[in-house]
C-alpha cells in the first residue's frame, strides 16, 4: 500500500487519476459521474468527432448506452481517442472503463491480455478496395499488387496469409495512422487498400473521388468487433454485455427511442421485462430496473443506431447484411431478458 | 626656374569626380557582386534561374491561383476546372479556430485566450533586455503563470461547485497543445537541467556518474522512442489503478528529454565562468548554494540565453512528433482535418502543410532572430 | 600562511560532522543512491506486478516466433515465415542504410551550401542563406510529409515512368528502379580485389606522404587510388570470366491494368518511402551542417589565407591545404552531433511507412504486446550507435587536433 502514496501525492498536481484498487469499476464510474470510453481517433460511422468535438458513431452509441444504463443520462460519458497501439494498455491501466474501438475479438486478446469481450456490435471482415479503372473484379487477380494498410492490426497478418495462401507476390506498405494510408492510397502509391470492410467504406469518404473506387466482394477474414472491458470485474462486464443485448433485443421487439414510453404500457411480457415494468433484472446487475429503458431512450435500439451512423442512408451506405437480426437472416441474436 | 609662370599652383582641391559608373551605384555593385568573372556570371545566372523556378510556382500556388473565400470544397474545385489548382485558403480560414484551440468547447475558449494573452504579456517584457523588474517578471512567468494557466485550461471544480468547468485534455489541440508542450517542456526542464549540469561538474563521483548517465541516455535516444515509452510503457510502471493523463505522460517524456539537452547548454555556461568567480565567492565564505545562486548561475544563465532559445526552437519543432503517438498538436490537428469530406480537394493537403510550415517558420525564425540579437548583445564586452 | 597552520594545529577536531564537506558529500551521495534504488524498486515491483496481473509474458523468447507480416524493403533475407528477431534485424539494417546514405548526402549538400553561404556572389550567398533559414525553421516531420505526400503526387503513376541516364534508371510512384547486379559463382574474387585495391591505395597514400615530407615531390595519390579501386576489381572481373550479369527492370505495358508497370522483383528498387525519408533527412541536416561549415571557415583567421597567397598558393590549394584543415578542427565536434541527430531522426520513418527499426519494432510490439522488450531494444540500438559514432569522432578529432610543438 505504501508504494501507492507517492503518485497519489504527485497526483493532486495534474490530471492524474488514482482510483482505489479495491473499488469495482461500477463504483468508480458512479463516484466520478461519467463513463470513460476509449474510441478510435476518427473513423466515420464508428467513432468520429465533429468540428465541435462531439463524438458520433456506432461504437460511440454503445458507450452512451452504458452511460445511460448507469446514470440514466446518455451524455455522462467522456471519450479518449486511442491509437491501435495504445488501446489495450489504456484499458489495462484503468485509464478508460470500456474500450469501444472497432476491436476484433480474437482468442489471444480475450485470453492473454487480461481483457473480456462483452459481445459483438458489428460483424466485419477484411476486404479490399481498388480503383475501378484497374478492371479488377476479384481479389484473386491481384498478383503483383502493392497493398496499403495500417500497421499494428490483424489486417497486416491476414493480408500476408491471404497472398501467401494464393501464391501471389505482393508488396506491403504499412502506415501508422489510417489518415496516412488514405493519403498514400489516394496518391496512387498502392493498387489496393485493405482493412476491415466497414473501414473501407468509411475511409472511401476521405478520398478525392470516392466514386472512382470499389470494394471487392472477397472478405478474407472474420472480424467480430465489439466492446472490451477488464477481466475480473464481472459486474461491469455484465453491464457492458447487457447494454448491447438490450439494444439488439429492443430492435427485435420493435422498441425504439420514439415509442419507448408508449411501449412501457405494452402487454408483451418480453417488453415489460426489458423495460423494467416487470421483474428486477436491473438490480441483478447493480443498476436501476429502468436501465434498458434508459439505454433505448438515450441512444435508441441497435437498428436505429446502425441506420443513423453507417446505414444505407448515411454517406457510408453499408447494407445491414450479416449485421441484420437473426430473424432477418443476419447474425444478431441476443439472449432474452428473462 | 625662369619660366616659373608656366607652373600652375593649384590653390584649391580639384573637384572630386564621381567614381566611374562601373564601380559605384547599382551597376558597380552588380559588377562586383554578380559579374566579377565569367564563372561568377554563370553562377549568378544559374542562381537566378533556380530562385525563379522555385519562387514562381510557389507564388502561383499560394497567391495567384489561391482561393480565399468559400464555404466548402466546391469553391476550391471550381478553380481546378479552369486549369490550375491553387491553395485552398478558404479551408484554412474555416478551420482556423480548430487549428488554434483544437476541440476546446466554444463557450470556454475565452480561457485559452486569457492564457495566450498572459503568456504574451509576461513573455515580451522578459525578453526585452531593457524592461525593468526582471526578477519579479521571471517569477511571475516561471511560477505563477504555469499555475494560473493550469487551472484556466483544465478547469476548477470543488465537488459540486463549478468555478470553471473541467475540459479534459483529449479536447485540447492545435497550437494550444504545441505551445503547452513546448513551454512546459522548457520551463520544467530548466531547473532539472541546471541540477544535472551542476551534478555533472560535481566532485562527488556518484552524483557525477548519475548525471552523466542520465544526460547521455536521453541525448542518445530519439524523441519518438521516448514518446512511445511514455505512452505505452509508463502505465506499466505505475501501481494498479493509478493512471496519468495522456498529455501529462507526454509532458513527462518531453521534459526529461529536453532536460538532458538543457543540462548541456547550462554546462557550457558554467564552463565559461572564469575560475576567479568561484574562488572569489568561496573567499567571501559563501556556501555552495549561495555561491551558485548568487554568483555563478546568474552569470552563466545570462550567457546561455541564446542556447536556451535554440533548445526551445528545437523542442518547438519536435512537438510535431506527438502526432505519431496520437495527440493533436498543430500539425496533427491539420492532418486530422484532411479527413473532412466537406473540404476534400486535391490541394487540401498541400494547403494544410503549407499553412503549418508558415506558422512554424514564423515562430522559429522569430525566435532564432531573438537568439542572435541576444548573442550580439551579450558579446558586446568581448568585441574586438 | 602561518595563521592557517596555527589554525589547523589549534583545532585538531574538525568542527562538526555537519560542516565537513567530505561527510556531507558522502551523505548526499548515499541519499541519492537510496532514492534511486527506492525509485527503481518501486518501478520494477509495479511492473512485475502489472505484468503478472495482465498475464503478459516477459523475456526475449518471442523473438523466435514467426512474424507473419510482410516488410516492403529488406536488406537481409526475410519472408512472412521469418521470426520476429529477423524482422527487427531487417529494421535495424534499414535504419543503418538511411543513416549512412543520409549522412553522405547531408555532408555533401551541407559543405556546398556552407561554402556558397560565404560566396562573393550575392545571388548565391542569398540563396544559400534562404535555404538554411527556411529548412532549419520548419519541423522535420513536416518536411518528411512534404517530400512524401507532395512529391509523391508529382511523379508519374505506377503504369507510367520517367526514364533517365540512357533508359537505365526509371522513376515512378513505386520508386526509383535500376539494373541490379547479380553475382554468380566465382565472383568472390572481385570482392577480394576491391579489398586489395583499398589496402594498396592506403599504402600508396602513406608512401607518397613520406616521400613528400622527405623530398617535397608530390605524387598524384587521388588518381592512383581511384585507378586502383576501379581497375583492380575490373581486371579481376575480366579474369574470372565476367561472372556477373544485370537484372534489368521489367516494364509491362500491355495486359491487365494491375500487371502493367514494373514487375515486382525486377531490378533493384528504391521505394519512395526511402527516397522521401533520405531526401528530407539529408536536406534538413545539411542546413545545420552548412552553418557549422560556415562558422568553421570563418573561424580561420583571414591572415592564414593572406599568408598562403603570399607564399604563392592559388585559391584552390589555399582552400584545400590551408583553410579546410584548420576549419575542420572547429567543424568536426558539432558535425558529430549532427550525424547523431540524423541517425536518431531517421526514426521518423514510422510516419511514412518506411520499415526502419522503430517502425518494424512498433509492429512487433503490436503483435506481441512486449512493450518493455521492444522499447529496450530500440534504446539499446540507438545508444550503441550514438556511442560508437561519438567514439569514432573523438578518435578522428584527436588525430585532427593541433599538435603543438
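Just a few scattered comments:
We call the chains A, B and C, going by the order they appear; numbering starts again at 1 in every chain.
Criterion: contacts are C-beta pairs under 8 Å (C-beta built on N, C-alpha and C of every residue); 3 or more make two chains touch, one makes a residue touch a chain.
These numbers come from a predicted model, not from an experiment.
For the pairs B-C and A-B, the count of C-beta pairs in contact is higher at B-C.
Taking the CA centroid of subunit C as reference, the farthest chain centroid is that of A. Computed centre separation for the pair subunit A/subunit C is 43 angstrom, with centres defined by C-alpha atoms.
If each chain is reduced to the centroid of its CA atoms, subunit B and subunit C end up 26 Å from each other. With each centre defined as the average position of its C-alpha atoms, the distance from subunit A to subunit B rounds to 40 Å.
Under the contact definition stated at the top, the residues of subunit C that touch 2 or more other chains are 46, 50, 53, 149, 153, 350-351, 362, 365, 371. Touching of two or more other chains is recorded for residues 228, 232, 235-236, 238-240, 324, 346, 349 of subunit B.
Residue numbers of subunit A whose C-beta contacts span two or more other chains: 3, 85, 89, 92-93, 176, 183. The residues of subunit A lying in touch with subunit B in their complex are 3-4, 7-8, 11, 14-21, 41-42, 44, 49, 51-53, 78-83, 85-86, 89-90, 92-95, 176-177, 179, 182-183, 205-208, 315. Against subunit A, the residues of subunit B that register as touching in their complex are 95, 98, 102-106, 150, 154, 168-171, 228, 231-232, 235-236, 238-248, 324-326, 335-336, 338-341, 344-346, 349. Contact residues of subunit B toward subunit C in the complex are 33-34, 36, 40, 43-44, 47-48, 50-51, 203-207, 210, 216-217, 219-225, 228-229, 232-233, 235-240, 313, 317-318, 320-321, 323-324, 331, 346, 349-350, 353, 356-357, 360-361, 364-365, 368. Subunit C meets subunit B in the complex at residues 25, 28-29, 32-33, 36, 43, 46-47, 49-51, 53, 119-124, 127, 133-134, 136-142, 145-146, 149-150, 153, 340, 344-345, 347-348, 350-351, 358, 362, 365, 371-372, 375, 378-379, 382-383, 386-387. Interface residues of subunit C, counted against subunit A in their complex, comprise 42, 45-46, 50, 53-56, 68-72, 80, 148-149, 152-153, 157-158, 173-174, 256-259, 263-265, 271-273, 350-353, 355, 359, 362-363, 365-367, 369, 371.
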